[in-house]
Amino acid sequence: MNQEFPLARPLHTSQWFNSPPLQLADLRGRVVVLEVFQMLCPGCVSHALPQALEIAQTFARDDVAVIGLHSVFEHHAAMTPVGLEAFLHEYRIGFPVGVDAVLPGSPTPATMQAYAMQGTPTTILIDRAGRLRLQHFGRLRDLAIGAQIAALVGESAAIATAAATASAAAGCDDNGCPLPG
Amino acid sequence: MNQEFPLARPLHTSQWFNSPPLQLADLRGRVVVLEVFQMLCPGCVSHALPQALEIAQTFARDDVAVIGLHSVFEHHAAMTPVGLEAFLHEYRIGFPVGVDAVLPGSPTPATMQAYAMQGTPTTILIDRAGRLRLQHFGRLRDLAIGAQIAALVGESAAIATAAATASAAAGCDDNGCPLPG
Amino acid sequence: MNQEFPLARPLHTSQWFNSPPLQLADLRGRVVVLEVFQMLCPGCVSHALPQALEIAQTFARDDVAVIGLHSVFEHHAAMTPVGLEAFLHEYRIGFPVGVDAVLPGSPTPATMQAYAMQGTPTTILIDRAGRLRLQHFGRLRDLAIGAQIAALVGESAAIATAAATASAAAGCDDNGCPLPG
Amino acid sequence: MNQEFPLARPLHTSQWFNSPPLQLADLRGRVVVLEVFQMLCPGCVSHALPQALEIAQTFARDDVAVIGLHSVFEHHAAMTPVGLEAFLHEYRIGFPVGVDAVLPGSPTPATMQAYAMQGTPTTILIDRAGRLRLQHFGRLRDLAIGAQIAALVGESAAIATAAATASAAAGCDDNGCPLPG
């Protein structure tokens, strides 16, 4: 097992839909698919969120946790939690969705900044040991993402955790990762 | 020219985007495609609005006017004018869009009620003489709607207006049409 | 009615499926949609032939005749009439399909040469008076082709025929048109 | 490693395109995706073969071998090897394609019979140890097939081979498997 993957940074959220508040640590042992979106982002609505729903239907819940993160970096007055709740209802999105926390004085929310994301949609894969394995901005083919998730599902959690422990010893834990350099 | 088509009832709007306030009477002489939608209605976003954009690109502006009508009948707090403005920007909808007027005490807005619409998306075709020629709830095939609009474009405005005058004499004018019976 | 459109050149065919032998003259008074294809042409199979089938379902048979023309200009041993018959059965193509006649010594069949087509798929529209109104190589949007056919349907056959008679007097008749110049 | 999967039965072919003659045994150690099709089968052309091409592009050749099998059970005169060769050229199918061997007196070819397939398209997955892991008639979602292939890729070839040896000891070898009962 490759030990050079960093632990995924924690999520900073202000609110959750379809779930009590979640931390990535709660999902340790499962592969996590984190779909980062905005409710008025056309590519999120047409491709990324339908793909996330299909991922949730394809893999066993014990193996793969699909969660959404609403990371608003523009049109803040239009994409409020009230708007998001209606959106999730109309688009029948039943998996947990967190609201990325506002950072005072910045249009870009906290988790989006921590991950240095380029925009929405961003698809993030985290392995059973909590390590960041993919962060992709834009569209992903169904066949490719299905294959990548299945490969992570196949990794032994035990081996993964050992590797992650070694990785964590390098200075990164679930409460945060120091920025490189 | 068939004289039995009723004049299209007037629009009741509280606000316009991409245009000064419009009345159907302003568009007399052109075929009008009225796309009635809600910004969080999946079928509107995936099919009806892209089709309306393609209609606007296919026909000459002198022949066909494409306008939208935002008729919110649910999740009112989520689909505000502020939300709509961001939506139109993100989805690059450049044709005029009116906001269907709220009727006090009713969840269904005024124009939607006047036309007895069944929901969104609803596509409405109005001929050069201002008469209602199609009102369809749900999805329309591109080929069929293209054909129907072209047929209306081909109708002579002069003949159409004569017919409409006769029709109007029956009791229906641009300020309103009595309900049948 | 514009009189400058040439009469459509006659079809040169060796065999017909789903119909007795047809001439364009047999279809005078109706708009003709002529879909020129090869059974092993990917764009024909994925887009042009499904569109032709949808056209046949959308317009009244009295107004619009949809016919296919199998114009093989490559892989002749693979795309035989026996192959075509199985193809039409498997793809449930029920409209008349002619086989473009082989010209001795040329890979390009006779009708394809007479029309100077660029390849397959080619969609050809002929008006009620038998005049060539559109010849397009490649993909056409459903909305646009639906509109163009409907516009031709709306033209009065009487006016069209008068115009065509004038046009024919210029030297072009149903048996053929002299090449320009 | 589950030992109850049977070895995949050998292919019976009369001809190959894009490759010298192949046996499944030649591919041992790799996952095999066997796409069984007919060139005039609409579902094969629109979905199964494009999916097979995408599989070939997504996975490393050392891990996954994609091969086609042309199993004609109807319209034999239309779907000849000459026709197939043109088809493969036009549809740019570059992976190895075998022609399922004709069985005298039967419309169904030999491999199709040996696998008791229900029709085309049939997608077959064979693991690194040569065991049959999936046989599916009809359409498969990209996400699901991508995941299934990746899961097989992740299986250790060493373990798989040990399991297969045990399995083979039960009476099934690469030259054939006795029919159950």
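Think of it as A, B, C and D in the order they're written, each chain with its own count starting at 1.
Simple rule for what comes next: a residue touches a chain if its C-beta (ideal position, glycine included) is under 8 Å from a C-beta of that chain, and two chains touch if they have at least 3 such contacts.
Quick caveat, the model's predicted, so the values are computed rather than measured.
Q: Given the touch definition stated above, what is the smallest step count connecting chain A to chain C?
A: 2
Q: Hey, which chain ends up farthest from chain D, C-alpha centres compared?
A: It is B.
Q: Rounded to a whole Å, what is the gap between the Cα centroids of chain A and chain D?
A: Whole-Å distance between the two chain centres: 37.
Q: In whole angstrom, how far does the Cα centroid of chain B sit from the Cα centroid of chain D?
A: Each chain's C-alpha centroid was found; their separation is 54 Å.
Q: Can you check how far apart chain C and chain D are, centre to centre, with Cα atoms defining each centre and the answer in Å?
A: 41
Q: Two or more other chains touching the same residue: where does that happen in chain B?
A: Residue numbers touching two or more other chains: none in chain B.
Q: Work through the pairs of chains, note which ones touch, and then classify the graph as line, ring, star, complete or other.
A: Shape = ring; chains linked end to end, path closes on itself.
Q: Can you give me every chain pair that touches, using the contact definition above?
A: A-B, A-D, B-C, C-D
Q: Quick one: in the complex, what on chain A touches chain B?
A: For this pair, the touching residues of chain A are 39-42, 45-46, 74-75, 77-80, 82-83, 85-87, 89-91.
Q: Which positions of chain A touch chain D when the two form their complex?
A: Residues in contact with chain D: 51, 54-55, 58-59, 141-151, 153-155.
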